[in-house]
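Worksheet: one structure, shown below.
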Amino acid sequence: MSDRLRTLTERRAEGGPSILMCALVAGDPFVEATVEHMQTIADAGADVIELLVPFSEPTYHGPVIRRGFERALQEDVSWQDVRTIAASFRATHDTPLIASSYYNPILALGEDRFVELVADVGFDGVMVADLPWDESGDLRARLDTRGLSMLPMVAPTTPTDRIEMMASESETYVIWTGHSGGELTLSRHDFEASMQTLRQHTDRPVVASMKISTDEEASAVATCCDGILVGSAIVWLIEGRDSDLSSRLARFVGDLRESLPQ
Amino acid sequence: MTRDNSERRYGRFGGRYVAEALWHPLETLHQAFDEVQNDESFRESYESWLDRRLGRPTPLTPLEELSDDIGGGQLLAKREDLLQGGSFTANMAVVYGLLARRLGHEWLVGETATGDFGVALASIGSAMGLRSRIFVGREDLESESLSMQHLHQLGAIVETVDTSNRGRKVACAEAMGHWATHADSELYCPSSLAMADPYPRIIEHALSTIGAELKVQLERQHVEPEYLVAPIGSGSFGVGLFEPFVDRESTQLVGVQAGGPGQDGEHAASLTYGRPGVFQGTYSFLLQDQHGQIGSPSSIAAGLCVPNVGPQHAAWAESGDVHYVAVTDREALSAARQLLQSEGILVSLESAHAIAYALKLAPTLGPDETVVVGISGSGMRDLDRLESTEPEGDPHE
Amino acid sequence: MTRDNSERRYGRFGGRYVAEALWHPLETLHQAFDEVQNDESFRESYESWLDRRLGRPTPLTPLEELSDDIGGGQLLAKREDLLQGGSFTANMAVVYGLLARRLGHEWLVGETATGDFGVALASIGSAMGLRSRIFVGREDLESESLSMQHLHQLGAIVETVDTSNRGRKVACAEAMGHWATHADSELYCPSSLAMADPYPRIIEHALSTIGAELKVQLERQHVEPEYLVAPIGSGSFGVGLFEPFVDRESTQLVGVQAGGPGQDGEHAASLTYGRPGVFQGTYSFLLQDQHGQIGSPSSIAAGLCVPNVGPQHAAWAESGDVHYVAVTDREALSAARQLLQSEGILVSLESAHAIAYALKLAPTLGPDETVVVGISGSGMRDLDRLESTEPEGDPHE
Amino acid sequence: MSDRLRTLTERRAEGGPSILMCALVAGDPFVEATVEHMQTIADAGADVIELLVPFSEPTYHGPVIRRGFERALQEDVSWQDVRTIAASFRATHDTPLIASSYYNPILALGEDRFVELVADVGFDGVMVADLPWDESGDLRARLDTRGLSMLPMVAPTTPTDRIEMMASESETYVIWTGHSGGELTLSRHDFEASMQTLRQHTDRPVVASMKISTDEEASAVATCCDGILVGSAIVWLIEGRDSDLSSRLARFVGDLRESLPQ
């Protein structure tokens, strides 16, 4: 695990503030804009940034992120661009960075070259939407040699023995994916119950991806877990291309930050 | 084919590349499937459905007029067009239905491009007291109006997916996405062999009935074919036909993919022009660009219009057990017409690809040599396409 | 059924009422048919066509969901919809084709209303290296566009007959007229049982395969049905299904004719409302006015839209061996929908008449009692009619 | 056989003039018109008249006669009308008269009543398009008791043993039907050959129905046989409903008469 991720995970494990994780699409709508948006988001209080690397068939993402992927692919965003974006961001910021994609673009680059690239430009971790824990042993081993982590993802369907397996084979916080393909699967009540179950099987912090689009939702979710992952809402703002996009982004992330338990 | 179950693979291909939300539903299905494979009562019930409802066994028809017309080897056709619903897909639907009943699910969820599989699923679903939800791309919905009327009259829920391409790809993604949040009451039933484990195993199991039947029919007629030819979209039909013959040295297996309109890059021939990658949950041959973005397949036959193949075919292509080729839209259309006019058999454009290849093969063979062609389905739904693409000049003198 | 060959009759029905020009061609055909009936090689070749091309035997399907829905007796369906071409008519086409080859004729001439028989004849014709000429009324031509495309692609010659009624009547007359002047090189192949001798015998021979198969299937399953129900147009299908069961006391045979729109005189129920007369070469029950002018039949099912029945049915109606009833258009449509939604089986509107009657019968029976319904053909071609006549309010909640 | 028919048959058998047989539809376009037309035709030289009684399904007649049948059926022409027509004609003319129809209208009336009717009003013979010799035994026997005949019809497909059978079981002249459903089946050459064959098996006069519509055709056909039957051409004139129909009919029949060998 990278130092940056370890610090973040431990901060919360020791009772620190909730984790705010924000996602956006690399190259949406173009490479330089993404760097700026990342800086804005980080400055406004995000603890960790998920940089989504577009894939032509985003089966497990909702419509907003799919459209973001499409815009980026029209710009022919490549791993080379991801390298540029991350490197530019690292030049000014120390916020933990997660490279997130589907497995085929990684395979196309080659797992070795992928790990080299993400490690070289200062990523801290990796998420792959369609690479379940059981199929990711090789990639995790490779990441490990460079001190990077794959974030374990847990879903409402994950049985407890799998939770324990992932917890035992990882060190970072856990991502709770309460929606899949854009549809929320759990009521508020079920969510609370799930979080309680989860706690019985791991003491790792849990960051929940729950289709959050307002600070009220953020604070409601955050009371039951250790942090939130906000993606579609941010990509949706970027899609709007408002003239004062930067300040709106800053305000939105700032409000989320404010709404979270300190 | 040797397959390490615990690794969910065929050689280096296959696997279960899905979002975490789908892992457990797939694992549950995998366990249910493992159980039923050794369950005598399941087998009996399965066979009774095939026998008493679908019309199995399907005939093995000698194509004497056609063979005479072209000269060379003898052609035989294995006739899945005569199964209930007009295609091999009914066999899969029966297995899915029985699995859903065993799992206590009330819904079958699937996707359809040609309409064949959607109708098969909803029909068998009705007969088993299950409801069906079928995802269809808008383009396919519009070009297959007969099937869509059929689905409507069956009382199936049709979910339209907005996409401007024909083929199963997008509908497939939507159907899986839907399943991820309804896995406790619905069973996802893909028609594509290019899917996460355990689907390639389930589909192979359901469809190898076809090859097994053929084997018996050939033995009874004392025929050892030199070639066995099948159309390959995702390869479900092909795996069913080939699997029981893979170990037989004396028969060359040929899988025919869609060569499309024939221009550069416009095809669906993943085994000829693609390379391995992960898509739709499985590691297999795939149309993709250098960055790993998935390519758009192209073919006049919607059922062949897929960017990838099931893992079994990837393994067979690498081992050389099966030879994979591509045939163009134009060749397929002309083969469909030739078969219809000389044998009175109207096959789907998917199957016409296999016929087209057999028509090239036969003249190179001697009169004692035999080519068996797998007919995956009836061409009722392709009549319009045959009419609208009719070559200049009336063919009937 | 006892039948005095020399008199060409079934009881007082039947005969050969044709113009002198047709007597000798019919006599020639009669002799050829008598020969082949005792010819082992003909029988073998016939059976091989049924087995290797048509997909015989067709299944006997238990309709469990439907039986549960309505309560009472158990329903079973004999599935001619699964035969090549989607109806029982392919069996007739094979016999005609083999007879034509034996007579050295190169052409098959027939008429078609629903399209089923025309397509069957042209398909089997192609496979036997024979050409086909199919007469179709303009009204039918227009309402069965799929079949007409099929005929066109098969390379058959389609002769359009101008008439404003649906049904085989006029096309039939034209086809016979044509044959009278081409009897030396063409074989007339009627689909109608209501025809001059020897056609009723030939058709009974060709189609009693269906009843014979059913008998074996029932024995294997230890079922002795209380009722056996068939749709009756001209009665070809019915004679094939019933003939092997006529002597069986324990099974009540029921022939279902078209009750039409339900208004006075708008139907095709010759056995209920007609009286004996001579039409199309045979003496049998007939819709006619007091002056002996032929009545216009009316039914939503083109295949049932005929004014007369084959002589066997007239004889059975008089002897009481078979019970004949009529079912309205509306009842047939609703039965087709109910079968589709509860069993996933799409049957022709002709067959839906038999289903409709079975649906009335079953609730009056006990759970150990069985009704076998003969499904004469698939309803693919009737989908449009199901959609366009859909009752108010969406049936699927 | 009736005296009228016997006289006609014998006249020709003994070398008399060719037989001119003309057909028209009863009640086309209405009952009284038919009587007038029959008188005109008889006066113009017809030796025998075939009165066609309409049937709804005239399978073996050509399009012109079919249309005549349709017109008559629109007038609801019945056996009663046939009785009226024949009786009116008999009041003024002695020309032999043949009642011609399909079998079902006869059956609907009843064979007995039919024979009674045609005998009572002075018909001499009967033709039934769809009642072949082999199926007509009963009807012939009944006709015989009233001195009426069924005219034997011979077609190009009739084998010689059937010709002999019909000749041996009848006394009248024979009708040769060289067309069926309106289509001529024989070339001129084949017709001559057929007539020669026919003569080898019967010495009965042969009247040929060969779709004759002009006096040239009439004379050509008549050189090979003993007479002609003209139907469609007459019904076609009637269909025209010319204001001078009677004189056209008279001229046409007169010309035919003229063109025949005396």
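General remarks:
Labels for the chains are A, B, C and D, by order of writing; each one numbers its residues from 1.
In this text, contacts are C-beta pairs under 8 Å (C-beta built on N, C-alpha and C of every residue); 3 or more make two chains touch, one makes a residue touch a chain.
Computed from a prediction, not measured in an experiment: that's the story for all the values here.
Computed from the mean C-alpha positions, the centre of chain C lies at a distance of 38 Å from the centre of chain D. If each chain is reduced to the centroid of its CA atoms, chain B and chain D end up 67 Å from each other. In chain A, no position touches at least two other chains. Multi-chain contact residues, meaning those touching two or more other chains, do not occur anywhere in chain C.
The touch graph of these protein chains is an open line. Touching pairs of chains, sorted by label, consist of A-B, B-C, C-D. Looking at the complex, you find that chain C touches chain D at residues 15-25, 169, 173-174, 176-178, 180-181, 183, 276-281, 286, 288, 290-294. Touching chain B in their complex are the following residues of chain C: 51-55, 58-62, 64-65, 79, 82-84, 122-129, 146, 149-150, 152-155, 157, 337, 340-346, 380, 383-384, 386-387, 395-396. Here chain D touches chain C in the complex through residues 55-57, 59-60, 73, 78-79, 102-109, 129-135, 153-159, 162, 177, 179-183, 185, going by the rule given at the top.
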